[in-house]
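Two complexes, one shared chain (subunit A), two partners (subunit B, subunit C).
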Partner chain A sequence: MGKQAARALKGLFRWETMLLAVLVLMCAVFDRRDAARQAAGLSKKDVFNLAVVVKGLRPYMLYGFMTLGVMLILAMGDIDISVGASAALSVAVMGVVYQSATVSGLRAESALALALLSCLATGGLCGAANGFLVTRFKELFAMIITLATQLFYRGIAYLLLGGKTLTFKNDVTFDSLKRLYDTVQIGGVSVPVMLIALMAAAAVYAVWIHGTPGGRRIFALGTNAKATFYSGVRTDRVKFGLFTLCGLTSAATGVFFVGATSSSIRADAMMGYEMYAIAAAVLGGFSTSGGKGSVIGVALSLVIFGVMKIGLGTLYGFVDSMVNLSVGVILIISTLLPNLISGAGEAIRLNRRRARANVSYQA
Partner chain B sequence: MLENGKTRGRGGRAAPDLLALLTKRREILLLAVLAALALGVSLRVPGYLKNNYMNILKGGAINMVMAAGMLPVLLIGSIDISVASTLAFAGSVAGMLMRDGYVGSTLAMILIGIGVGALVGALNGALVAWGRVLPIIVTLGMSYVARAMIPMDWLLGLNKIARIHLTDSFKVFFIDRYFIGLPYLVWSAVIVTALTGLFLRYTRTGRSIYAVGSNESAALVRGVRADGVKTLAHAICGAAAGLAGVLWLGYYNSIEKSTAAGDEMYVIAACVLGGVAVTGGYGKITGVAIGAVMIAMINSAIPQLKIGNAMITEFVKGLLLLGAILLNAALRRLARRRELIGRRV
Partner chain C sequence: MKRLVSIMLAVLLAVGASAAFAGEAPDEGLLIGVLYKQSGNAYFQAAVEGFQKAADELGFTFIHDGPDDGSSDGQIRIIENYINQGVDAIAVSANDADALVSALQEAKAAGIKVVSWDAPVAAEGRDLDVQPASAKSIALTQLESICESIGGEGQLAIVSAMATAPNQNLWISFIEEALRDDPAYANIEYVGTVYGDDEYTKSYDETLGLINLYPELKGIITPTTAGAPAVAKCVMDEGKSIKVTGLTLASDMAEYIKAGVCDATFLWNPIELGYAASYAAVALIKGEITGAEGETFDVPGVGVLTIEQSTAVNDEGELAPTDGTISYLNKLNSFTVETVDEWVDIL
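Then we have the complex of A and B:
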């Protein structure tokens, strides 16, 4: 009986459950605050409800695709901090290709298709270069390699664009990218296209990494790379593939970013996105030492960050920096807490074993 | 490891010796690259070094101070990406105290900067050592927290510290006061570098930092209190970043919440260029110093070369860093292979 109860308790303490509880609690607190503000006449209308929040999630979903890529790198026990830079480079290439294609007289639609293709290809190439270096130079940390490639990719983006902003004013075809930032009506709630796309991608990822042998290999690689290698997994190939995929997802983030920022392309775009992505993945249960995490957790943590920023901003009048502070504190606590709990559990178990040993010794 | 290999080699052959020398004394290669860089720039811009050496030193001083602090952290196999935020935070605290008239003397400012930075660093270190949280997560979180605390109403409530908020003696202290031809700003960097180097090389605690970085369990068995050493290393890094905040205030005479954002990458880059192993246990202050000078030189030289657009600096920095770490790895591999070939069985 004790064992069953313990297992049930363990299930309750699963990370995703905790995240869900945090999300529900946060929504409840924000909702009461909203009602109180309305009652006190501080605000005229309901500013925190499902419709507002879902619509308001848009800006916080931008780095979501990147997070999907980064989390797999974290699951392998590596890290990729070049994702923001490779997204910026992909977008820069997209802009330059589109510009030169239209100038050279290509039809606008095919120019856009070419630009999008080259954007994804650039992202993939950036990722592949990271993957190549990480697998060929195993003695170097992925962190250092991607630190260098980050500067490098951002540098190429600067070379392509200079300090200028590339815009396509009144270009109907290029402006069609803005539709990625639109919303669609579902049951009276305007749901961002981006949210739907992200959740669909997350669902695919969830099935892939939790449900198929290929996906489980990633976690195996993160838990014990050597054992995985000797059990017949081509670890280098998996690693290379995942880094390439990570580059592709950051290029996807770039495409959405262009849609969100009215098609303006700058070399210093998406600065610091890698940190948001890593923060979201870590809050979602992935650890930089690899081997654990779940897609559901990441999806929840992306929503939590979004809801937190909306709620703190509109209801409590918190400025950006205060929200950043909360992100930082949550990041530290969310990794400290499990460590402390497991540490305490270890200590209790050790104590009990010691006590038992003492009893048998005396008898 | 490699040092032993050299004695076991057959000797007499010049190539392996040169290679062994290069891997053992990585500074030689770095200096050669630095000299080549200076020469290349001088060919295109005559008199470059003579006209710009002061700008290079001044521009690199702050990065150097932070890099010297980063060294112990990298040596224990940890990392601190919150240094730029710590710089902004400590600089803001010191600047505010001066603005509100609590502090007048420059020495007090320096001490406040170091103290605030050390506190932030020690908190990082405690979370890493006793909380067993991964360093990159702790310091990523701390970089958000420290920067966010600057403009908050109930904490600092700072918009910007500008020239008018600073005392006259502070404004001239780092830039306009010279000692043997160098401004105090550069001297602070020199002193911090020298102190860190001496500390790491000649003190018991300094050697413990290397010991914890190369093999933590062995260090523990030898009686080194690894957790304390880790906390200390992070505290040193924070203190250096805090000092850098005061230096920033002294050099640019202004500080705000977005000051130095992203500069932590250049600090780490200086260390990595200087041959510090991020796995811990290996790295020298001389290498770090050369790395910092190299980055400062690129910053000052590239705009003067007038190749491409002004943004080419980022590209060159990335290229150089990538080249340096790959060359480093390749050299080490080559040396290892030679060592294995030369070994008598």
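Then we have the complex of A and C:
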């Protein structure tokens, strides 16, 4: 048992250790570049140190909650590309509910509570609808279903808001959401509230999906859905639940997004966030074929993406599109190379076996 | 195996990073962060030319970037990057007037001056807004042009966008005022405004209706880039000697300008806009201006710009003062047979 646990632990940490190594190395490279630039008088100030990076991670944590939801969908071997649109619809509902609640004379605090609840409810509903469609129409790929709902949710958001921005930046109560995008001082470093919230959520997720039987069923489902079903797991119910949860985490991302964008709400918000979320989950070790991945890896990959974008942007003068290109390259390498290498390893082993077979034949 | 992958990843990153190109900034002198709506857009590349021209003259360095998805949160990411790099000013064309306020307030708290240009940010998030032209000068430029084209007399009509479009209505009210009060336009008979709703076919049909209704029609002003090509096409199809002017893109109108349907059409010049925004930013950094109403700053070749109270169209369709201050270049770029080809790739 002890040995088994040790092996399990080792298996769990391998990819994660490597991600950590990449992160450390990346920081080292960036730090040297920063020092060199300062020495050469190219920088106005120290642009890459712990304080700058931790604070700078803020905008890259925005899609973090969404990533927690999406990774579980990936673990089941499904995919959800409607999360960005679900989040946009959720905050659109939040804005409209808040507006009508305050107009109808509700106290601002109650209106905000009501708006936040309806935001989460909308997210949950969006996810539940995905879950229902995916479990009911098994002949359709989750990709296609969520592509359709993505367009649908985004469309409703546009119907609700039109092309306009709904802004509450002058509403003291609603604008308190911007505290979600604030930082708190911990040991002289401004740590984003969002980073703390996200890491706390990730810890809960980690305990749940790696430490409880219910959580591990998700991976079982991704490895072999049929076997899991025949072992007594109500697979449809698990799927439905996880899609709903994924909708909820999207709505949570939405709330933070509104906090980040000065309490303004637009129908085109969080466009493309599903791709950031999937990218972070995949780099974190989750695969679209399901059955594997770990929360720690995802947390690390969220940080890696953030640090990488900060470093390339500030130290190398990469423009936004070049930064995204670089992230794309890293993602391709990190997903393709393991396959290529295992393919090559397989070929070598096969060759050896053949060679051995030849030898024995000649003998 | 995955270990190998990671090492290769790291090596690749390190190699790629050290070989990377860099927008270098000297530690002496001013650093300005230019932020536009979206990267890869010819309009903003032209604006960057203006920033470059000013940088050469004033001796500052600038970095420029825009989110590749044209999103507000992408702009926020870049603003935070600029703050980290210690820029002295940020010159921003905002994807959303409100969404950037917090991020820019954080920049201002760090002592960074904020100038918005092209697309303004809300007053709380900026020190000054620099815009190409006031509503009045946009209106009068078009009127003067068409008056010249038709020889100062004859019937004139306007093909606008939506009947509710606030900008267009404001311009039209200035045009109507000038036609009524300015003796220079005494011989022009204004027959009215029709609305093409910024749709090609509707604009075309409304223009056709005008031409049939007023066979003596001499000129049309179409102060909307979306409607202008349809209006010019209709005039050309009907073979009338009607002159058309308006606010247009060069690429849309080159054909009609060359065919003589339009003598000149107008839009602002993004190069000059970036140029003037630079001068405003540097004046703010040096403390020559604070962004308060009544101050002035000099932009070589453009003129001395005065800082005014911002205005916006209210529900009654009139200009009303709003928060914040603004400076206008009050200079539109005209597209004529000679100049239109230079602009077709940009505007």
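By definition in this document, the second predicted complex is superposed on the first by the 341 of 363 C-alpha atoms of A that agree within 3 Å, B and C clash if a C-alpha of one lies under 4 Å from a C-alpha of the other, contacts with A are read in each partner's own complex, and residues count from 1 in each chain.
Going forward, a contact is a pair of C-beta atoms (placed from the backbone, for glycine too) under 8 Å apart; a residue touches a chain by one contact, two chains touch by 3 or more.
As the structure is a computational prediction, the values presented were derived from the model and not from experiment.
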When the two structures are overlaid on chain A, which partner does A:Val22 contact: first (subunit B), second (subunit C), both, or neither?
second
Check whether A:Tyr181 is in contact with subunit B, with subunit C, with both or with neither, and answer first, second, both or neither.
second
Determine, under the contact definition given at the top, whether A:Asn324 touches first (subunit B), second (subunit C), both, or neither.
both
Between subunit B (first) and subunit C (second), which, if any, makes contact with A:Gly211: first, second, both or neither?
neither
Taking the superposition on A as described, I'd like to know which of subunit B and subunit C A:Gly163 touches: first, second, both or neither.
first
In the overlaid three-chain picture, which partner chain does A:Val47 touch, first (subunit B) or second (subunit C), both, or neither?
second
Contacts of A:Met271 with subunit B and subunit C, given as first, second, both or neither
both
Tell me which partner touches more residues of subunit A in the superposed arrangement, subunit B or subunit C.
C
Intersected contact list for subunit A, partners subunit B and subunit C 271-272, 319, 321, 324, 330
Listed in rising order, subunit C residues that touch subunit A in their complex are 1-10, 12-14, 16-18, 20-28, 31, 39-40, 63-69, 71-74, 76-78, 80-81, 84-86, 96-103, 122, 124-125
Interfacial residue positions of subunit B with respect to subunit A in the complex
79, 127, 131-134, 136-138, 140-145, 147-152, 257, 261-262, 265, 268-269, 272, 278-279, 308-319, 321-322, 325-326, 329, 332-333
Which residues of subunit A touch subunit B in their complex?
79, 133, 137, 139-141, 143-145, 147-156, 158-159, 161-163, 267, 271-272, 275, 278-279, 282, 287-289, 319, 321-325, 327-332, 335-336, 339-340, 343
In the complex formed with subunit C, which residues of subunit A make contact?
14-15, 18-19, 21-22, 25-26, 29-30, 33, 41-45, 47, 52, 56, 58-60, 62, 165, 167, 169, 178, 181, 257, 260-264, 266, 268-272, 308-321, 324, 326, 330, 333-334, 337-338, 341-342, 345
